[in-house]
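In this document, chain identifiers A, B and C correspond to the written order of the chains, with residue numbering beginning at 1 in each.
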Amino acid sequence: MTLPSEHLIASSRKASGQMADRDTPFIFNEWYVAAFSSEVGRELKPRTLLGKHVVLYRTLAGEAVALEDRCAHRSFPLSRSHLDGDTIVCGYHGFRYNEAGDLIDVPSQKACPKGIGVRRYRLVEKGPLLWIWLGDQALADEARLPHQPWIEAADWECSTGYFHHPGNYVSMHENLMDLTHLTFLHAATIGTPDYASAPFKLDLKEGHYKLIREVVPTTLSPVWGKTTGLDGCNTAARIVTSEFLSPGLHRVSVTFYDSALSPGQRSEYHIHTAHILTPETAGTMHYFIVHGRDFAQHDTQLGDFMHEQLFAAFNEDVEGLGALEQRLGDIDDGHYEISVASDAPAVATRIYLKKRATQERSPLHASPLAAKA
Amino acid sequence: MTLPSEHLIASSRKASGQMADRDTPFIFNEWYVAAFSSEVGRELKPRTLLGKHVVLYRTLAGEAVALEDRCAHRSFPLSRSHLDGDTIVCGYHGFRYNEAGDLIDVPSQKACPKGIGVRRYRLVEKGPLLWIWLGDQALADEARLPHQPWIEAADWECSTGYFHHPGNYVSMHENLMDLTHLTFLHAATIGTPDYASAPFKLDLKEGHYKLIREVVPTTLSPVWGKTTGLDGCNTAARIVTSEFLSPGLHRVSVTFYDSALSPGQRSEYHIHTAHILTPETAGTMHYFIVHGRDFAQHDTQLGDFMHEQLFAAFNEDVEGLGALEQRLGDIDDGHYEISVASDAPAVATRIYLKKRATQERSPLHASPLAAKA
Amino acid sequence: MTLPSEHLIASSRKASGQMADRDTPFIFNEWYVAAFSSEVGRELKPRTLLGKHVVLYRTLAGEAVALEDRCAHRSFPLSRSHLDGDTIVCGYHGFRYNEAGDLIDVPSQKACPKGIGVRRYRLVEKGPLLWIWLGDQALADEARLPHQPWIEAADWECSTGYFHHPGNYVSMHENLMDLTHLTFLHAATIGTPDYASAPFKLDLKEGHYKLIREVVPTTLSPVWGKTTGLDGCNTAARIVTSEFLSPGLHRVSVTFYDSALSPGQRSEYHIHTAHILTPETAGTMHYFIVHGRDFAQHDTQLGDFMHEQLFAAFNEDVEGLGALEQRLGDIDDGHYEISVASDAPAVATRIYLKKRATQERSPLHASPLAAKA
């Protein structure tokens, strides 16, 4: 039994102390996806986002609205109420709020008290996604939204899915920044044995962490082989770019081709996966996924096969990280974590998340984002 | 988005600080209903009341007994034991207690230790209700029991029901002292649109808070219309008196008649509802209900219809306040509540409950009740 | 209502303060059963023992291995991984550990970091039992293992069972050291009315507490009567020895015979029951049971009957102590426990457990066991 030395444990703890983990507060001044656009309509939809209770609905004109899900009177959840046109009528005593969140009627009295209302959160609808800004509303800058034009592009075909994930969002970011786990956690689905040891390049800029892994030559697992026609080809290339784009978004982009052919001769196949992470509570997360391809766009059967295979793999992440979350919720004083070289992008991501969370809570809060805005 | 000013929030918080809420300790020196009489017999019945574990049973002579549900030896729940005549034989090591709670036998030894026993709580049986005094037994004064003679009166017909309510008793008192919620929470059952804005009178005496709301002229919802014969009458009167009678009892009394007829000509129909609130834990409550009428006493079908309609409405309270409880259990530092004019009786009730709870915990506890006793 | 005097309550609390209870830390420097041998094979088996997460498996050569169930990298449970020969390959990023717990491969890099590993716990296999030492591995002394040779003896026939017990191990030890509960908790199964008041002898040595209860003459409950042939005999003898052998083991040994016959004439029947208590968490316990007899060894039908009857009785302990655990988890400032004469061996046991737990946590920890070793 070789246990790490006291010195090694002490230094690993010091390093971990700089990194976000499940105990790190949320980062509010960011865009997160609140819901798929299709989830929000003329029913009042409650959702907990970054620990905040929010009610979502659409006005008669179709505008999506997000209000604090709590009547200013006696805290009744407004989501247990009903819409009258564009206004919410509280289901308890009938207090009425317009879509701006302003209190506009108290049924038991003629005069409505002035200057009362509930918080409205800025929403931006981009194709199938509804983005929300839960922090300081004055800082909500649409230009900073990590928009993904490919999701709506005519030459890309996308499919979507959702998991109510039983884990913190930090460990999911870490998972996505270290895809060596494909060989092991996804051995039965999308991983191949050579993935974990393939060479990689890093491009780590503050707040944008990129990892490029080139698995060449390789063979492709069925989800990619059968759909690109490279099935059985043992000179396939799989060029994977993993990118942390924001606390709420990680994108994986892959290019497949036959490396035995020259760039001019070969066909290239591209996919993107938007891993959209919206914390719900410290131990749970809304996991929205949009997956797109730029080939066989009209082949429904192929699309269904790819979706099924991929979501089986994502379910392995959900189950594995759910089990990890339970273990992390139960650590004792003796806990430590040892990092290795391939952890560099994940560690950079976690340090950034911790820094952002700390900055937001600083009394002299001068967020670099606020400065930019 | 119009949020309340900092000043308004600060003053609303100051006001709330004077009022009982789910974090306020229970008031022990009061009569509460422990059970319907019919629930207690020759089986040992466990029940948690104001956080205390109690075991209930009847002696062979039929007297109801309430003891601490914990053997003095190793804390085994006496309710998992058996009766031998009027004595409880602990189900673990056979320690035996008489109906006074005195330890009278230890099977493993000849001499029973002297001066050992478990707490006995004073019970008073009044018709279908078993009232208990869980506080200082020396203060238990039957004259202070909020007896409701109509429940047993020959010319009143009553029906009873019970909910294990997933909420604190304070929010239920508040609910009952502000019946403007009938128009909204009970829109589908007993409420009518004009209820919330009807004129009301208050009579707020220390410990007895009364609200009288006169809804005249009105139409009656089916539960009252069909049973009084005033269905379809658009000159109906509905005179509602809501009374906080004790921390464990709220009574709603209603008179219905046709306001187009003079007092001499018209028939009047009366109902009473005893809303009996016995806290179980901070977040749960035993909700006993006795509903009575002084008309159509022998019409079983009508009685069944009324019962069914009413308990559907009470179930709306249980579900709505259960949802509210979850929200109140999850408030953050930013929480506040804004009161309006119609909250006056509910606010008076909550201030009284807070004062009583504080007095009981005062080291110089000179309860006005104790003084009276 | 006779409540104990303030003085009596104060002295009982002082006494209880010396005794272990559900809040007492575990004693790690001891042998506990981790599993039945038959439970551990070539699958990775997770088990929580004394609050520690452990993964159990066997090498190809058949040796049982117990490792810390947590990858040193990112704390992934190794039990969610797979075996490759004798090594565990972490199911997340493929970190590989040999059966000593040493990290021997990191797939994403050529050189494996040196000096990393997870804790290995000493296991000793004795017949059907796998014993583990979870404390200081340097103190693990096989000579101190409370070996029970009868379990493997040719002339004894044994059967085994397991309960996931919803209670702390201390109250189970107390239960076993005070068998007067047979008359009450087991009235329907193995108890008889005369058991609780039968004379008993004590032999209380530090760390080995023995209680001998002689129930003579008696009648036997069916489980013993029907299997020994003493059914219906009203001069039966039941000589019971209850022994606390270690924090993880209590043994009950019984001799049955017909007391009307002289020692030379009569047949004697012996049974042993090993009550093997391995804490899981503060409120749960692994309850392994091995029951053996030295008669009718080859009578399968008799053995099945005895097993069924006995385990019905043990299930009464599990249910009863589970209910007790809930009550103990909910005690308030007014709590106390009154001990009587028959509690002497249980009290001695609890004082010993408390002393051991305290010693282990002492900064000048000079365990008497360590000294012996």
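One rule holds for everything that comes next: contacts are C-beta pairs under 8 Å (C-beta built on N, C-alpha and C of every residue); 3 or more make two chains touch, one makes a residue touch a chain.
Quantities reported herein were computed from a predicted structural model and do not represent experimental measurements.
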State the superposition rotation angle between the two copies chain A and chain B, fitting on C-alpha atoms only and giving a multiple of 5 degrees from 0 to 180. 120
More than half overlap in residue numbers between the two sides of the chain A-chain C interface, or less? Answer same or different. different
Computed distance of Cα centres, chain C from chain A, in Å: 47
Which residues of chain B are in contact with two or more other chains? none
Given the complex, residues on chain A that touch chain B span 51, 53, 70, 72-77, 80, 89-94, 100-103, 106-109, 113, 115-120, 137
Parts of chain C lying in touch with chain B, wherever the complex brings them together: 1-5, 8, 171, 174, 178, 180-181, 183-185, 196-197, 320, 323-324, 327-328, 330-332, 335-342
